[in-house]
Each structure stands twice: as C-alpha cells, then as structure tokens.
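Here subunit A shows up in two complexes: once beside subunit B, once beside subunit C.
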Partner chain A sequence: MRGSRDPLGLLALPGVAFLGVAFLVPLMLLLWSSIRGVDGFTWLGYWRVLGDEYYRGVILASLHLGLITTLGAFILGYPAAFALARAKGYWQVVLFALIFLPLTVSIIVKSFGWGIVLRRDGILNWLMLNLGLIERPVRMIFTEGALYAGMINVFLPFMVLPVYSVVRMMDARLPDAAATLGASPWFSFTRVTLPLSLPGVVAGASLVFSLSVAAYVTPSLLMGDRYMTMSMVMAKAFLNLRDWQLGAAMAAVMLAVAAIIVVGASLLQRMLGGR
Partner chain B sequence: MQRLGIGIAWTALILTILFLLLPIVVVIPVSFTESSVFRFPPEGFSLQWYQRIRNVDGLLSALGLSAQIAALATLISLFLGTLCAIALVRGAVPGAAAITTFMVSPLMLPGLVFGIAMLQALRMVGFSDAWSSLLIAHVVVTLPFVMRTVLGSLSLFDFGMVDAARTLGCSYPAALWRVLVPNILPGFISGALFAFIASFDNYPVSIFLVDVRTKTLPIQLLNYLEISPDPTLAAVSTCLIVLTILVLILCDRMVGLRRMASI
Partner chain C sequence: MTTSHLAISGVSKRFGSAVVLDDLSIGVAKGEFVSLLGPSGCGKTTLLRCIAGLLLPDAGSIQVGGAEITRLPAHKRNVGVVFQNYALFPHLTVAENIGFGLRAQGVARAAAAPRVADALALVRMSEHAGKPVTALSGGQQQRVAVARALVVRPSLLLLDEPFSALDRKLRETMQVELKHLLREVGITAIFVTHDQEEALVVSDRIAVMNAGRIEQLADPATLYQRPATLYALDFVGQSTRLSGRVLGREEGLVLVQTALGVVRAAGSFGTGSSVVIATRPEAITLDATPGMNRIEARIREISFLGSRTQLHLDLADEGDRGIAELPRLPEGLVPGALVSLGFAVPDTMLYPAA
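Right, the complex of A and B next:
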C-alpha cells in the first residue's frame, strides 16, 4: 500500500501548477472582466451580446455552421470509416496515410488551396467548363456553399478517425451472424452495426462540432465579414474595437457552448456504455 | 443489398480522400506558374516564386520563430507532461481523474478564448515580451497532446515487466531503459509530433500575442495573403507540404502511422 505521501505523486505538481497559473487563472480573469463594470458588478456585456438581435444572429449563425459541418462530415465520413476499417493489409496503411496527411497540413495552406479551387478562373470552373457542364464561370468563392465545403474539408478527418477506431474493433462477422439468424441487411445495420458504432460517432461529432463552432481561420478566409461567427466578433471586439467587455462576454458564451458539448458528449457516451 | 452497403462505403472513402487532398494538391502546380495570378491550368514553368521566398520581408524569420517556439514548447510539454503522467499512473494522487481531465482541458477550449485570456492576464501583470508570451501560451496548447498520448501508453504498460527484467538480472536503470522506454516511445513520438504541429500551425492563440517584430509563420502567411496574394504563398505551402510528408514518412518508419493515430 502506498501512503498519501507517495513521492511519485509529487511529480504531477510542476505540470498542474503550470497549467493552473498559465491557463486557469487567465480564464478566470477573463470571466471576471466580462462582469466587471465601471462601478462594480454588471451584466451589461451579456445583455449587449444576448439582448442584441445582431449578436444573437451571430451566435445562431455559428451554431448553424457547426451543425452543417458536423452533418456533412458525418454523411461522408461515416461510410468512409467503414471502408477504411475493412481495407486489407498494405492498402489500409496507404488509405490511412491519405486521411491522416491533411490533418497535419497547415489550415492556412488548406484554406489558400481551397480558394484556388473555387476561384472564377480556378480548377473547379475550368473542369466544369471543359466538361460542358456550365457555359461561363460560376461565382463560388464567398458563397455559403463554398464555406460549408471548406469547413467540411478541414474538419472531416476528425470524424473519420474516431469512427474508424471503433469500427476496427467491431467483429466483422457480426452482419453475417445477423443474416444467418434471418435479419435483413437493413435490419442488421440499424440494430447491430449502427448501435455498436455510435460511441465513435459521438466522439467524432462532438469533436467536429466544437472545432467548427469556434473556427476562425477558415470562415474569415472563405467568407470574411459576410458570415460573422462568434470567433470573428470576438477577434474584432478585441483587435479592432478594443471593446473588452463585449469580447469577454462573447468569449464566455463560447466557453459555455464548449462546456455544454463536452458534458453532453460524455453523458451520451456513458449512456451508450451503460446499455 | 449488403454489396450495396460495401459499394457506398468504398465510394465514400474514395470521395473523402479526393476531397481532402484537393486543396492541398492544387497549390503545387500553382507554385511553378509563370504568371502572377493563380489561373488554372497554370501557365509556363518557373521557379521564380521559390526564389522570392527569400526576398519577402519577414517570411524566413517567421519560419524560424515558429520552428523555435514549436520545438521549445514541445520539449517543455514533454518534460512536464511525462512527469505528470508518471505521477498519475504510478503515484497515489488524490483526484487523479479530475487532474487528468484538467490537464487535457485546453484541448476543448476555443483557441481564441484562451488567446484573449492570456493577453489580458499578461497585461494585468505588465508583461509584454512577445517571445516569452508565445512560448508560455504554446506550452499550454501543446501540453494536452503530450498528456493524452504519454498517459495512454503508460497506462497500457505492464510495470510488472520492469520487475521481471530485474529478476532476470537487469539493474533498475537498465530495466527502465530497455523495457519501459521502448514501450512508451511510440506514445512519446506521436505526442511530440501532434504537439509540434499544434504549435507550428497555431493561429488563434498567437494572433493576440505577436508584436510587429515577433510574428509566427501562420500570422505572417495570413498577413501576406491579405496584402499581396501571389504564388509565393503557393511556393511556401508546397515546401511545407513536402516537409510534412517527409516527417510523416520518418514517423511511420519509427512508430507506424496507425499506432500513432490510434492513441
């Protein structure tokens, strides 16, 4: 039995102390400054964010963007993860590397490349013109569709990888077993495969949603001021307007959204694990 | 019907890979173009944009700064994170689960929120050195990656093997070096890789901490993109992509990619 004075436990101290000073304290100070007025405590910052139609719209737009991104990543990434998990031998390594590589490429490079793809004289217009699909170049950049596609492009691997790691652990013979017992393929998918893969889906969806709700670089490069998100309002409040109260209140809203996602996802996982 | 499912899965995987690679692959031909716009298909062939990289003000120094900060932040995180992981796995730490959650929590926080919090806190104490601020903030950004991977591989490790090695005649340090280290090395390397990338590629935290003379690469690139968008950016991007692929191949040889990402 180890006593509570175990010297090994003390090794945790430097790391915990560092994170306490460099992470927790600044965060608490930020929350404090969101409720600090000229003469004491005030809800003014929150009232300005939550009571204003414009800022409420911004919050909804961010959630909307996160939802679309998560949905798109799920529709494409869920079946892709199955194929990846069932690929054989060397192929799996190659396919895996191709999914993994974009994750390590700078987000600025990707957003920049996305711009080249979507420009009026870019690759997509060129391709569609030559295939005879369109007669003259279509404007795609700075449209909402382009934003959604760019966001899904950046965050898709975060959906594929968690689902892949769950599916890989599943017994590949389960659908056959269900079929032997007389289940139709649809029945065996909805009753066997899908429920077993749900932990991966929850992990992937919560990751994609929390990353895309808070995304800053991709929306500001692909849409600029035309699609204001919480991150952009916050950055603007601090960097341009020097309006600390507004920025801090917006930051607190984002913090709350992040906390709800984390708590909600872990509750869901517990429910799934407890069945 | 089952065939249909398999067909859908493979189609989705191929589409996913093409879609993911598209914005990365297109910058490569653009970097060799002769004209100064990103027209597609690119016209002619030249290396002028690669030569321009050296002449663009602040680009190389930003690259140096980013590499420096990322390397230092990763090293500090490896040190702090490994100590903490050993304590959490081997020591009797009260509230170990809560501490683990706390140590990886910066991962869940939007980068902008932390960047602003950091800026405000540093201003309150009157600290204004951009380089040190960046380093401190980037250690916070990188620490969760190291914690997760090192903690994962340590908790999978059977410490009975160290005792077994000692029974077989190894000294304690030799047992640690020959049994423990090879087993947790993959976690170490993948943690370090993720940490380095997270720091090197960080924009939302750094944007609040840089000053005129101290700018990291993502900030400088985005700046350049806004001021004079020309294929120099494609050339820089191509260099970064090639560098990334080399590092990934190296890591694959040392650890195995799938093992790295599975943690």
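Right, the complex of A and C next:
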C-alpha cells in the first residue's frame, strides 16, 4: 500500500537527529580510533583485548558480575514487583517510595554508603561486635559479596519496574481460577503466573544485565582495582594510559555485548508475545 | 427435610468492622440450581468465594456431600467456578484452557485428550480447539469457561454473574442454553446474580440476600407471588405498593386505609399499625368484579411494551408506586383519565411499613 508510511513516524525525527549528533558521530569516531594504527588500519586493538588473557578475564568478570547482579535482582525484585502490584492505597505509596526513591540518590552516594556500612570500622561490624556475633571485625568491603550487594542495590529498581507493569495488567483472579481447577500453588505459579509475567522478566533482566555489565562507579568504589570491569579498563586506558586504541576496542566489545542482549531480548519478547 | 448436597450452616464473615456474611445457613439438594440474588454488597460473592475455598469464613461450616470442607484449600475441594468475565488463561488455547484442570490433577496427557474433546463437543466448541481464547467472542468464552470447570467433574458448580459480560439478546439465549446443559450434566449449581430476571429464568430456587443474610429462599413462582418481605417484593419484579393504616378487621381480613381507597388483605395487624399493601401489575384489571379490592387513580403516563401496556398511576404519597399492566389498552384511555382499578384479595400482599 502506498500510504502505509505513517506520518506520525516523523515525530521521531528530532530525537533521531539528536541521537545522530550526540551518539552516532562520537561512536563512529570511537570505532575509528579502535582500528587506527600508526600506519593506517589495524586489528591490533581487538587482538590486544581479545587475545590477552588479562583482558579476556576482565570481559568474563564483567559478564559474571552482570549475571550475578541480574540473578540477584530477579530473586529480590520479582516478589517485590508482585507485592507492589497487589498492594492497595497507602501501602502501595510506601512500597513505591521504598523501591524507587533510592533511584534519586546518586550511584556515587549509594556506593559510598555501602562503603561506610561495610568498612572495617563500619556500622555492620560495630553492630555485630556489640551483639557478640563476632569477636573481631570481619573484612566485608573489597570482597565480592560486598560488590554483589552494592550492585543489586543500585540496579534492583530496573528489574522491579518492568515486572510490576506486567503483573499489574494481569488478571488477579487467574490463580483463583487455577486453584478451583485443582492446581496446587506451585502448579498454578509455574503454568500461569510465571509464563504470563515472563515478558516483564525478560525486559527487566536485559535492562539490569546491560547496565551492570557496563557498571563503573560501584565496582570501583567497592572493589577498586581488585575487580576490574570493562568500564574500569576503558577509563584507565583513556585517562591514565592515553591508550585510545585499547579503550576504544574495549568499548566496541562492550557495545557488541549490549547489542546482543538488546536484540536477543526483543526477539524473546516477540516470541513470548506472539502466543 | 432431605439431606442437602451442599449444607452451609452459621457462616459469618467480616472485613474489618463490616459484617458481610451474618450467621448464614442454606441447604441445596443434589442436582438443584439455586441463585443467590441481591444487590452488590449483599454478600453473595463473598459466600461464593467461601464455598469455593478462596476465602475462609470467620465462623460456621460448609459441607459438600456430607464432607466437611470449611477449611480445605480451594485446590483440594473439587468445586468448579465459572468466574465473572471468565478468567480464562490468556496464554493458552481453548483446548489447553479446558485441559488445565486435568493436567493440574495429574491426569496423563493421553487420558486427558478424549475428556477435553468431549468437553469441547459438549459446549459445541470443537472447531475452535486450537484458537487462543483471546480470539473468541463473549459467548464462546463463556462456553470455554463452563467446559473448563465441568471437565474435572466437580461435585458442585459455582457461577459468578456468568451472563453479565454478554449483551442482552445473547444473554437470554445463553441463560436457557446453560440451564439446559447443566441439567443434562446433572450437576448441582449455585448462580450468583444481581439480575432478578436471570434468577427467575435459571433457578429451581432463589435465595434473596440482604446485608449478609438470606431474606427469603423460595422457588421462583412463590418468590414472585408471595415475597416474604418488602425487600424481596422490591427486588423481584415490579409492583404497585401503597402505604396505609389498619382500620380494623372484617371477615378475617385486615382493612387498610390508603390514599386511593380502602383495601382488604389477609394478615394479622392491630388497628392503627402502619402497613404497606402491594400487588403485581398484571393482577390489576380495569374490569373489577365484585369482591375485588378497588382503588381510584389518575393515569400519569401510558407505556406500550408490545405484548402488554403499562399504566403509571398518579400517587399522593412519596413512597407509593403504581403500575398496572393490561393485555391491551382499552379505547379512549389517555393520560390524565381517572380510572377504577381492581385486584383480587388473594393477590393483595400486606407488609409492616418499613
């Protein structure tokens, strides 16, 4: 059909133009610097990132951190999203505030906060010492456990919100209907509630994963150099080493990871929505 | 009294300070269709949820087939429910929806398939088996909901406003269709409805509910002809009702002075008590015979309803209502005319003033 081009599509023009200037051009420049060698074109940057065991470890560590964070955010956020969707009146306001107010606090402040709580002379150690739970301070900061806790704390709302919006639209009587048909709570959950909430989970997981794979502030404040992520390597390469080739190649790898997640998630969404 | 298939005794439920079910008891015989009829907030849906096991009553007991189920969780009760708007599983096909209960109860896929096919045939949905339920019309969705509930052979079927999502014409067809289907299956069914016409159509007996109690439990004809209370009278069908004062007794009947004349009715009220007399619109005639009650009234408006004609009467008192229904309209009767109306003494009901 000739008239199938929707004039409403034109409304996207300003946004697209802005992204073109503010995102696409620098991105091209970045990709350009990742393949620019001393005497013209080279794959050296990528070879340095993907061929080196240390940098491969950094990429794996970033993916590992993203996976743990996503998993943790799912385990904590999924039930929270249900509570939020089913809460009424006053309680819903309170729960909303509890989950989303932390978003207004800067990640830096939050990560410093975790530092204060988990320090050797921090609140948690002081509390456990005084309760007699431990005899000497436990090392918590600069451990992976502390990093996971901080990351999940920062990215949890990004899991809760998409799941919440799907659950809110779900007919609350469906579990009742399942029960009257003889379905145990577990059968009802796995065959009705979970499949229907899956689109929200996929959206939340892809958000949390792509954000946490690229995380910089929280890992650097809670772990420092002990846990190098892709973003930390990039920052070091650009700021300290002035090694543009390395930084740009690492950025390109991260971009590829993000692209795979976004495309994969939207394909998965289509599959789930196509039923 | 014969033993009831469903026996509810002394069930109470409160939400906060609001008493929703108030020491309610009812017995339903095997194979019987009973409607819980009442306005929203009368407790009918709460009672349904208590029977289904979706809500725990504060007090009282619920028994099905002699077995105590009051505290049994819903999925162990084998009580089927057709929900308002059906609550079909939107991610499953018609056949998967119907097969859900069988799968949930551990029936093997091979054993479930013929039962699903039978259920599909029962509600004449066989050709839609593979469709997603979201692609069905309201009437088809209702059939799927009924088949889904029946396929697990429940001991009791509860239907929560099953026709409210359908338009008027389809609703009338489906009421008769569903009644016939359930009768063939031979199941005991409880309908929850706020629609008195629907209750009259589908029920063997109707329980009129008011503020968490059963106001009257009777077969449709009795409920219509002899409503036990003013509340039941107002909720089921139309009526002419006049407030008045008892003048005395005569030949075993109570004499009542109303704004439109003196009316006689069976009952036992002392002289001077405030009462309401009532009769059904079709009991009123323009050709009163001797021995009938007579009132004089002016016609305010005339409505032609096709099979009959309604006269709306001018009334003096605020709380009074006057409607007469005639098979056909006599020549020359126009709004504003003064008419003499008669209705038989046995058709005259008498209630204490509210």
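FYI, the second predicted complex is superposed on the first by the 258 of 275 C-alpha atoms of A that agree within 3 Å, B and C clash if a C-alpha of one lies under 4 Å from a C-alpha of the other, contacts with A are read in each partner's own complex, and residues count from 1 in each chain.
One rule holds for everything that comes next: a contact is a pair of C-beta atoms (placed from the backbone, for glycine too) under 8 Å apart; a residue touches a chain by one contact, two chains touch by 3 or more.
Note that this is a predicted model, so its numbers are computed, not measured.
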Combined model on subunit A: subunit C and subunit B, fit or clash = fit
State whether A:Gly40 touches subunit B only (first), subunit C only (second), both chains, or neither.
-> neither
Classify the contacts of A:Asp171 with the two partner chains as first (subunit B alone), second (subunit C alone), both, or neither.
-> second
Once the structures are superposed on A, label A:Ala183 by its partner contacts, choosing first (subunit B), second (subunit C), both or neither.
-> second
What is the contact status of A:Gly89 with respect to subunit B (first) and subunit C (second): first, second, both, or neither?
-> neither
Touch check for A:Val192: first (subunit B), second (subunit C), both, or neither?
-> second
When both partners are placed on the shared chain, which of subunit B and subunit C touches more of subunit A | B
Smallest distance from any CA atom of subunit C to any CA atom of subunit B, in Å, after fitting = 9
Which parts of subunit A are in contact with subunit B and also with subunit C?
-> 179, 184-185
So in the complex, which bits of subunit C are touching subunit A?
-> 52-54, 73-81, 83, 87-91, 100-101, 103-105, 132, 148-149, 152
Residue numbers on subunit B that touch subunit A, as the complex places them = 1-2, 5-6, 8-13, 15-17, 19-27, 30, 37-41, 80-81, 83-84, 86-88, 90-94, 99, 102-103, 105-106, 108-114, 116-121, 124, 136-137, 139-140, 143, 147, 197, 200-201, 203-204, 207-208, 218, 221-222, 225, 233-234, 237, 240-241, 244-245, 247-248, 252, 257-258, 261-262
Parts of subunit A lying in touch with subunit C, wherever the complex brings them together | 171, 173-174, 176-185, 187-188, 191-192, 195-196, 275
In their complex, what parts of subunit A are in touch with subunit B?
-> 2-4, 6-16, 18-19, 22-27, 29-30, 33, 76-80, 82-84, 86-87, 92-93, 95-102, 104-117, 119, 121-123, 126, 150, 152-153, 156-157, 160-161, 165, 175, 179, 184-186, 189, 210, 213-214, 216-217, 221, 231, 234-235, 238-239, 244, 247-248, 251, 254-255, 258, 261-262
